[in-house]
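Think of it as A, B and C in the order they're written, each chain with its own count starting at 1.
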Amino acid sequence: MSQLLQYLADGLLIGVVYGIAAMGLTLIFGVMSVINLAHGPIIALGMFGVYLCFTVLGLNPFIALILVAALGLLLGLIIYIVAVHRVLNAPHLSSLLATFSVNMIIIGIGTTIWSTSFRNVDYSLGTLQAAGISLPATRVAAALIALLVTGVLYWFLYRTRPGKNIRAVANNRTAAELMGIPSTRVLALSFGIGTMLAAIAGGLIGTILPFTILSGGVYELKSFVIVVLGGLGNPLGALVGGLILGLIEGVIPAFTSVGWVPVFEFVLFVLLLLLRPQGLFGAKK
Amino acid sequence: MKTLRSPGLWLPLLLVAAFAVYPLITGSASTRESMFTVLMSVALASSLNILLGYTGYVSFGHIVFFGLGGYVGFYLIDEQGWHLFPAALLGGVAAGLLALLLGLSILRLRGAYFALATIGINEAMKAFAKQFALFGGPNGMELNFAIYRGYGGANAALWLVFWSLAVLALVVIFVSFKVKKSKFGLGLMAIREDEDAAEVMGVVAPRAKTWAYVLSAIFPGMIGVLFFFKNGVIEPESAFRLHLSIELLVMVMLGGQGTVLGPALGGAAYQSLRRTLLTSPMFRDIQLVVAGVLLLLIVLFIPSGAVGWLRSRWAALRRVLE
Amino acid sequence: MILQVNNVTKQFGGLTAVKNVTFDLPPGQILGLIGPNGAGKTTLFNCINGVYTPTRGKVSFRGEDITGAPTYRAARLGLARTHQIVRPLNELTVRENVIVGACYGREGLGLAKAEHVADEVLAFVGLAARANLLAGSLNVAQKKRLEMARALAARPYLLLLDEVLAGLNTAEVSGMIATIRQIREQGVTIIMIEHIMHAVMNLSDRIIVLNYGEMIAAGTPEEVSQNPQVIEAYLGDPELAARLLEEEKR
């Protein structure tokens, strides 16, 4: 019993962090219908950002996240301006390939600088014991930060003007433009925030698990699954989707081989796309 | 016979034939190997183009057919003692059946949803292959070298695979041309332009899309068998490599989607570029960056690809380039 | 009867776009479908050719129940339509657009025969000179003709025309009216949605008036234009009848 509880707790903690990564992907899709295939490498950059701040500058990894977030936002703005803006109204393939080319560029630069060997942030806050389960404090901290980020994102989207503008553009770009909302700036900002979320998620995962520059790809795929679970374009759904995915990953190994987890995940993913493309919680259109 | 006289057909056929004959002239195994890669890219990209270019559906995980076909064929050759040819045929059939099954379900999805679903299917297959003991699980399978003896030794076997691939590439180009010039192809292109309007005009889109998907899956299935037979090893990561899938999209895009010549040209150009970058001391380390920048420039500035650009630039070329 | 629409209702959530519409259409007629914007005219078309499945009710075409059948089924049976907002297949040529219509329409022609039909139809609608241009490059009036050409190439029994005159100038309107007459003379039954009153009054054998999804009147152009309910609902304009008849005489 306590074994299962342990699995559940592990799953939930990592699930919240997955949720942040997926939130970034789904925000971008919701606002501009672009699937950002550079999402994985950006997650990896977040990991390396925290790693470098920790090893080179000696910064506390969780403080380093602030710097990583800021750089993530900036990177997102640049990617939007250079690669995405021109293809927004082109067929899907164009935006997919444009963001994939960014993926190639980041991975190319990353492997040149850091090779593909494993790194990890050697940082521990000890272990928390409760109800017969033990949890590494860094994981708990990562999950709490992820929740905090979600809260801030919600405050931003629902309580501030730029946030409201983002929602307006997501809802109907033409109408928003007619009402005088500067759509290009809003789109760039959304892409920046989506990228920032990916970088933060990467930074958090980096404090928990070892990684290489290629590790982002795995989390990108997980983000796809989560986004579909929560409904494409629905950020809060992404958090819930993240929790569900975390639970699946936590609980399935208790019953069968870990190798079946991705089989199950991706079959679920395809089935959801087919049966409930609006996500588990979205209203039917 | 009229079709044979059309430059839209023989230009790409000639191109492919040139790649096939080149190693015969040099006689070296290394040119054969690099031309194998080129011909494989040409054939895979041209197959993908039937779905992507003609029908307008972006299959991101198209490599799943290559992987599945490869596994089925490899298993038949290695474990059941089949000859390469029937095994390749069955690899194609397996891929086609998967496409048929998928076609009846995921082809209902449009745009980004379809693209995502194809990624999901590829990843699910990869994860499944890792668990599937019959196909060797995560380590895959290794070809017993004694098998090459049946083909007159390893060298002869490798040449046989090469020629088979060359023939297959020619067939793919021919099929691609025939589809484009047929009533079926016209229906596909109508779907690409506006699926709802096409249906209102009477195109039975669900059926047409499914056949396009099946057609575009059969050849990768067969090519997978040839490739892994040559390779001697098959394992999940190399069979269902999403990266290769995306490279195929790049090739189609580079040459010009929806054209017959484009994917052939794009496949060849992409592979030569890659080889050049990989062997150049200056670019070797940053080949991915260079390729990425190039791709971005193409997507941003010549989205219709080389052939599409030529056709729109010089109207006279439209009769020559298909 | 070529078309029987029986108690067709279409609801979107709480909104009833079409409510209990019933009518029969004998072959060879032109039926005008009029009503204010948002009256449910295009929705009714969509229910007839299968874009929408009606919430309730039944649609039969040449004796066959096609309620909620896919649009291609209706097309194959000989029901063609044009779209209010034109939908050309942009990256195909004008000629190829029309060939699609001929290949996949009622007769399901092979490519060679379809090419022949396409050239014929293009000449008929006056687009022959533009046959090899990309459809996306046409202007609005030409795109409307292309819609019409595609529908005609299908050799339909019944043609649904959705505002083919809207956005055309006076000369283009009279050209199109002549074209529609000729189509009817070839034995094609037509239902047309139209806002240009003198045209629809002029062309139609019978007229149906929709308002808020309901059929408020049906009859000859004369009857309909004198129906007080129509006058009130349609424009709230008591002068309407007089003006319409005036226009009709011109």
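Convention: a residue touches a chain if its C-beta (ideal position, glycine included) is under 8 Å from a C-beta of that chain, and two chains touch if they have at least 3 such contacts.
These numbers were taken from a predicted model, which means no experiment stands behind them.
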item	value
Contact graph of the chains (line, ring, star, complete, other)	line
Chain at maximum distance from chain A, centres defined as averaged CA atoms	C
Whole-Å gap separating chain B and chain C, where each centre is the average of the chain's CA atoms	44
Chain centre separation (chain A, chain B; CA means) in Å	32
For chain A paired with chain C, centre-to-centre distance based on mean C-alpha positions, whole Å	49
Per-residue overlap in chain A, given as positions that touch at least 2 other chains	none
Of chain C, residues touching chain B in the complex	49, 51, 70-72, 75-76, 80-81, 83, 87-92, 96, 99-101, 103-106, 108, 110-111, 114, 150, 154
Contact set on chain A toward chain B in their complex	29, 33, 35, 37, 82-83, 86-87, 90-94, 96-98, 100-105, 107-109, 111-112, 221, 224-225, 228, 232, 257, 259-263, 265-267, 269-270, 273-274, 277
Touching residues on chain B, where the partner in the complex is chain C	182-183, 186-187, 189-190, 192-194, 196-205, 258
Touching residues (chain side chain B, partner chain A) in the complex	52, 56, 58, 60, 105-106, 108-109, 111-113, 115-117, 119-121, 123-124, 126-128, 130-131, 138, 246, 249-250, 253, 257, 285-293, 295-296, 299-300, 303
